[in-house]
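Chain IDs A, B, C and D follow the sequence of writing; residue 1 opens each chain.
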Amino acid sequence: MRFLTLMEKLRVPLMIFPAVALICVLFFGGLTVGLGQSLGYFPAIGSYNLTFQYYSDVLTDSTFFESLWLTFRLALLSTVSSSVLAIGIAMVLRQSFKGSRFFTFMFQLSIPIPHLVAAAGIVLLVSQSGLTARIAYALGLINVPRDFPVMVFDRPGIAIQLTYLWKEVPFIGVVVLAVLQGVGPQYEEIARTLGANAWQRFRYVLLPLIMPGVLSTSIIVFAYVFSSYEIPLLLGVRYPTTLPVLAFKNYQDPDLSLRPQAMAMSIILTVIAVLLLVIYKRLAKYAVNS
Amino acid sequence: MTTVVLRDLTRRFGNVTAVDRLNLEIASGELVAFLGPSGCGKTTTLRMITGLLLPISGDVLFDGKSMITVPTEKRGAVMVFQKHLLFPTMNVGQNVGFGLRMQGVEKKEMNRRVSEILELVKLPGFENRRAHELSGGQQQRVALARALVVRPKVLLLDEPLANLDANLRLEMRELIRSIQREMGISSVFVTHDQEEAVMLADRIALMFDGVLQQYDVPQAFYQKPLSTRVAHFFRNDNALAGTRRGDVVETALGTLRVDAARVQQPDGQVLVTVRPEDVRLNPEAGSPNCIQAKVLLVVYMGTHTQLQLDVGGHTWLVHSDADFQARVGETIPIELPASRLWLLPAN
Amino acid sequence: MFDMKRMTLILVVLMMLVLSTTAAQDSDELMGEVPGYATWADVLAAVKGTTVNWHMWGGSDKINSDVDNDIGARVQELYGITLNRVPLVDTADVVNKILDESAAGVTTGSVDLIWINGENFRTLKDASLLYGPWSEAIPNAKFVNWADPSLAFDFGTPVEGYESPWGHAQFVMEYNTALVGDAPPKTFEDLTAWVEANPGLFTYPAIPDFTGSVFLRHVFYWAAGGPEPFLGPFDQAVFDQYAPKVWEYLNALEPNLWRAGETYPEASALTDLLANQEVAFNMGYGPGNAASSILEGKYPETIRTFVFDTGTISNNNFVTIPFNAPNPAGAMVIANFMLGEEFQLKMSDPALWGWLSPISPTMYSSDFQAAVAAFERHPATLSTEELAAGALPEPPSAWVTAMEQGWVENVLQK
Amino acid sequence: MQKIIRWIVLISLVVVALAPILPQFVWSFSHRWLFPSLLPSEWSLEPWEYAFSTSSRVGEAFISSMAIGIVVSLLSIIVGLPASRALALYDFRGKSVIEWLLMVPIIVPGIVATMGIHQVFIRLRLTDTFIGVCLVHLIPCIPYMVLVMSSVFANYGTDLEDTARTLGAGPVSVFRYVTLPGILPGLLVSTMFTFLISWGQYITTVLIGGGSIITLPMVLFPFIAGTNYSNAASISLIFVAPAILVLIFTSRQLGRESAVMGGFGKL
């Protein structure tokens, strides 16, 4: 009997322990090592003294802030435009019509496709000598590749954002679609009989219902874009580059003394990510409540 | 104050005709119940009145004006559903004020009207509650208030009480009835519960398979059903085949007198019917319209006793006093009062 | 400085004379000591049935498949070695890995052989993270003219037996005759003029890209009138003397560059830009690249190469063995094989890689020389003579670092 | 009017969905395809021959990517399922802390923890190993699994399980006949997500695998970076094929009303 109550007591801890332990060791362990190195605790190069030197190095470097701004801008723009497009497409796909299953499948198509492949596809499509440019040439719209708008290796990072859009719109859209299908048509019908026109029904009835789903998927998207490495590396300009690229470049520099700086950048990146999440959740709560 | 006329209203879904050439008139300020088993087309009709669904043919007229080309949001026909009552993202005040907000009513005026209507549904000061904090009945009342606050031309209720428990349902019926009377809004409500329809409605439209069977005041469905199906729906299966000749009907069990001024079937083959509560047991000797019936089953029901009788090969249900005594298998005389007999067409 | 160079040249000639007499004899003996093995026979005995993990840049499918198939099959056949090519995007990655392993006290790592040169070599050598010395002791080292400064020094870092050459590279410019015509700008003045007349059609890879970096060194050489000031140890005063002219030149060029200099492409992207006429020029260390790219379909037929009138920089590709290589013997055998006649002949074939050999053909057999002479030169490839005439040395890597950093600060971020 | 807008949206949807993928089929058969040709001027099977040759290491990389993906998915299930059930169905002290702990890896850039864990792994001799790579892939995978599955468990509830137990089913039978069938659609989708997260990992694999563990993104990356688009295309298509297969199997679950996708809305 006592054994049974003990088991009862231990049930939850036993269930959560493996996951929590793995995440703590792998993720928070890694984070702690990084934090240590960023503070100068780096036995491998014989450094044990704790210092904020590397943070001040990073925070006084304009390169860091340019990278931060770029990273933030890319993440924000990609997230907002993905969300808007996703909601729009989900609104169309939720209607029942012939072939809706086919179109829903096509909409989901890019979800499993790796970002790397997406990036290659986007380059082949929108570079100045890409397929679109060639079509433009065939139509007589341009004469030479440089007449075509710059979208790859450009400062605004258009190809980067297109890649993210292509990947993330369906991700958010699928969640919105799931919510919309769960909601059913009745709220809208009530609103309609109460005199709400199409825009009002969307704005006051549907949008508040799908907003929580949109907000949390967009956090995931924002975090992903904020932390991604390959896409800006492959499609972006050399300078300024995104924070993860910059941090990793410093980390992989044969000059090991740059590592603490890389770690300091990572820790700052982490703090910013968590901070943004907190602000975002506050804002979201406020937005949903009012 | 609006009259609603449905003219030859027809709607098909694929091969299924959900509503077939429905003609109906709802007088100004009247409360009409659309009654019938599920799938009979009552909700489809309701949706056609709101404009959420367009008819294939026919017309919907409010005060004589065709509404077919008027979109739902401009019709002023407000709907209250049984499920998904309140917008979950809004509080009570916002829910009730929704329709006014859509019309662009000024905030102060809106708040005033919202609190006024909340008082009417007996939820004063509930503006800031969230929907999920309310009980089922309270939610129902908020949904009603939300519909009423815009002063609709027509109020449409789709099984509004189906999700409530028995006591609450009673309370809500009275509330709906009193508010509807007070505000004089032409209203339609859909239900599959004949008791509810009888209690609430000025008139009942009974539908089977998309076809209107009978449209009349509630009493008529008990006293003067137009078919065995209607009678059956109102729990009357007591029937006996016979031949009418003037004020008598010849049956296998004898000759029964009928009130010629009341019954409508012409002479010839008919079915004689009488409601379970109208059959007299223990008739005085020599009473007219007495026949013999065999007791099949006796069930004590608290307020009365229910008997199953074999009447000339038909199984009848009869209600008696609670203290009525009978043995199964016994043959007893029953009286079918002439003033209560109703004739149905023979099948 | 200059005199030293002249001295070494004389030495080279003398050495060549001495060595050429032994060229024909193929001894399989160690020519010196290597750590852990007494004789070459010991080495060969140790490698049978082993695997060599060769970490190398993996961006060329041609090199990848030739290493795996041809070389892999040959070393399996000859020595019983399984060659495991590990592709790299950037050689710095593997350097870093060695550094990390050393810091963590990992004495038996996973890397046996690295394709390396320049800064990466210096990093490992300075940190004493290399196996050896060995490269002067392996049997085929006898073909190598170690007195040649381009072989004795790798970007100014003394090789000292820690890496073995296997290919020679010289910087060339590639251009599209369809856009440039038949007379490419062969001086920096002409280049400026051409770029101003044809804005948007020229750029160079972003530094610290390998190729962008070597282009920058050419500008420094041009600014100083030759490579000489940069061949000694790094000197800030000398650097400051010439750097402003370089930044001025490059910044003046910038508005007329591809994308108005808003960004600079990766070297590989520049290849694609040339192929699709987005720009008119490309550049790189491979004199045979234009020809092989045309054959591979990556370039249009109209691409040709040229070198600057003042010459272009050449250097060597080396292989090195890290201190914690699990199989240093196998790595040495591979390095030795790559110095042999068979490999060098294959590598020089314009139909294959079209590389230059770090070894003078006279060191090998007459068959080798005849075969090389018989190679059909693609019209896009310059002759060996044309190239050799203007070969310039690489500066020590400290200069390279300073130039790269200077460019980032004064050109890229400006 | 609304219909016209709908069809414009739907057709552009299909075009946009296919535009980055379909041209890669053509690229994978091209030998020379330069501006301004709309189609390759010379066709070739070389990119495919290369992709299927041993020296491209595509086959080997495919197998390791697949093996890592499967191991990571299985580990995520084993570790994540109990945790998500506990979070969904039980109230306990510190629950919000645990939830937070398990969600933070979704928000914080993976590269951050990876750089730190790299140092530890070198010491533990886990770099260059299969299991090391699997472990580092688990960092983003476990949180996704927990996020989705706790929503599924919460939605599924315990009523049916309780019913089954009163009918005499033991814990194993309850899981086998009641719980598993109930959560299976959700489990399929979350497993697909974890598999795909692992399948697409690049920089973490490069760092921890140290070049010894070669996965498909690592084979592909140099060709994209090196603008060798023909070879990149053939490898991309091989890289994409299993992912599309997975989608075909789970598309229905993704598309319909379900707690699964709603799980992403619970962050």
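One rule holds in what follows: contacts are C-beta pairs under 8 Å (C-beta built on N, C-alpha and C of every residue); 3 or more make two chains touch, one makes a residue touch a chain.
If you're wondering where the values come from, they're calculated on a predicted model, not measured in any experiment.
Asks: Tell me, please, which two chains come out on top when C-beta pairs in contact are counted per chain pair.
Replies: Top of the contact-pair ranking: A-D.
Asks: Need the most distant chain from chain B, centre defined as the mean of C-alpha atoms.
Replies: Greatest centre separation from chain B goes to chain C.
Asks: Need the CA-centroid distance for the pair chain A / chain C, whole Å please.
Replies: About 40 Å, centre to centre.
Asks: What whole-number Å value describes the gap between the mean CA coordinates of chain B and chain C?
Replies: Comparing mean C-alpha positions, chain C is 94 Å from chain B.
Asks: Just the number, please: Cα centre separation of chain A and chain D in whole Å.
Replies: From the centre of chain A to the centre of chain D is 15 Å.
Asks: Give, as an integer number of Å, the spacing between the C-alpha centres of chain D and chain B.
Replies: The mean C-alpha positions of chain B and chain D differ by 56 Å.
Asks: Going by the contact rule already set, what residues in chain D reach two or more other chains?
Replies: 34-35, 118-119, 221, 225, 229
Asks: Of all residues in chain C, which are in touch with two or more distinct other chains?
Replies: Where chain C meets two or more other chains at a single residue, that happens at 93, 100, 103-104, 266, 269, 272, 276-278.
Asks: Where does chain A touch two or more other chains at once, residue-wise?
Replies: Chain A, residues with two or more chain partners: 44, 129, 145.
Asks: Give every touching pair of chains, nothing left out.
Replies: Every touching chain pair, ordered by label, is A-B, A-C, A-D, C-D.
Asks: Looking at the complex, which residues from chain C come into contact with chain D?
Replies: Listed in rising order, the residues of chain C that touch chain D are 53, 55, 58-61, 64-65, 67-69, 72, 85-89, 93-94, 97, 100-101, 103-106, 110-111, 266, 268-269, 271-272, 275-278, 296-298, 300.
Asks: In their complex, what parts of chain A are in touch with chain B?
Replies: It is residues 184, 186-187, 189-197, 200, 204-205, 208-209, 211, 288 of chain A that touch chain B.
Asks: Across the complex, what residues on chain D touch chain C?
Replies: 30-35, 42, 44, 50, 53-57, 118-119, 122-123, 125, 127-128, 206, 210-212, 214, 218-219, 221-223, 225-231
Asks: Spell out the part of chain C that touches chain A in their complex, as residue ranges.
Replies: Listed in rising order, the residues are 90, 92-93, 95-96, 99-100, 103-104, 119-120, 123, 200-201, 206, 258-259, 262-266, 269, 272-273, 276-278, 408, 412-413.
Asks: Can you tell me which positions in chain A touch chain C when the two form their complex?
Replies: 44-45, 63, 128-129, 144-146, 150, 153-155, 237-239, 252-256
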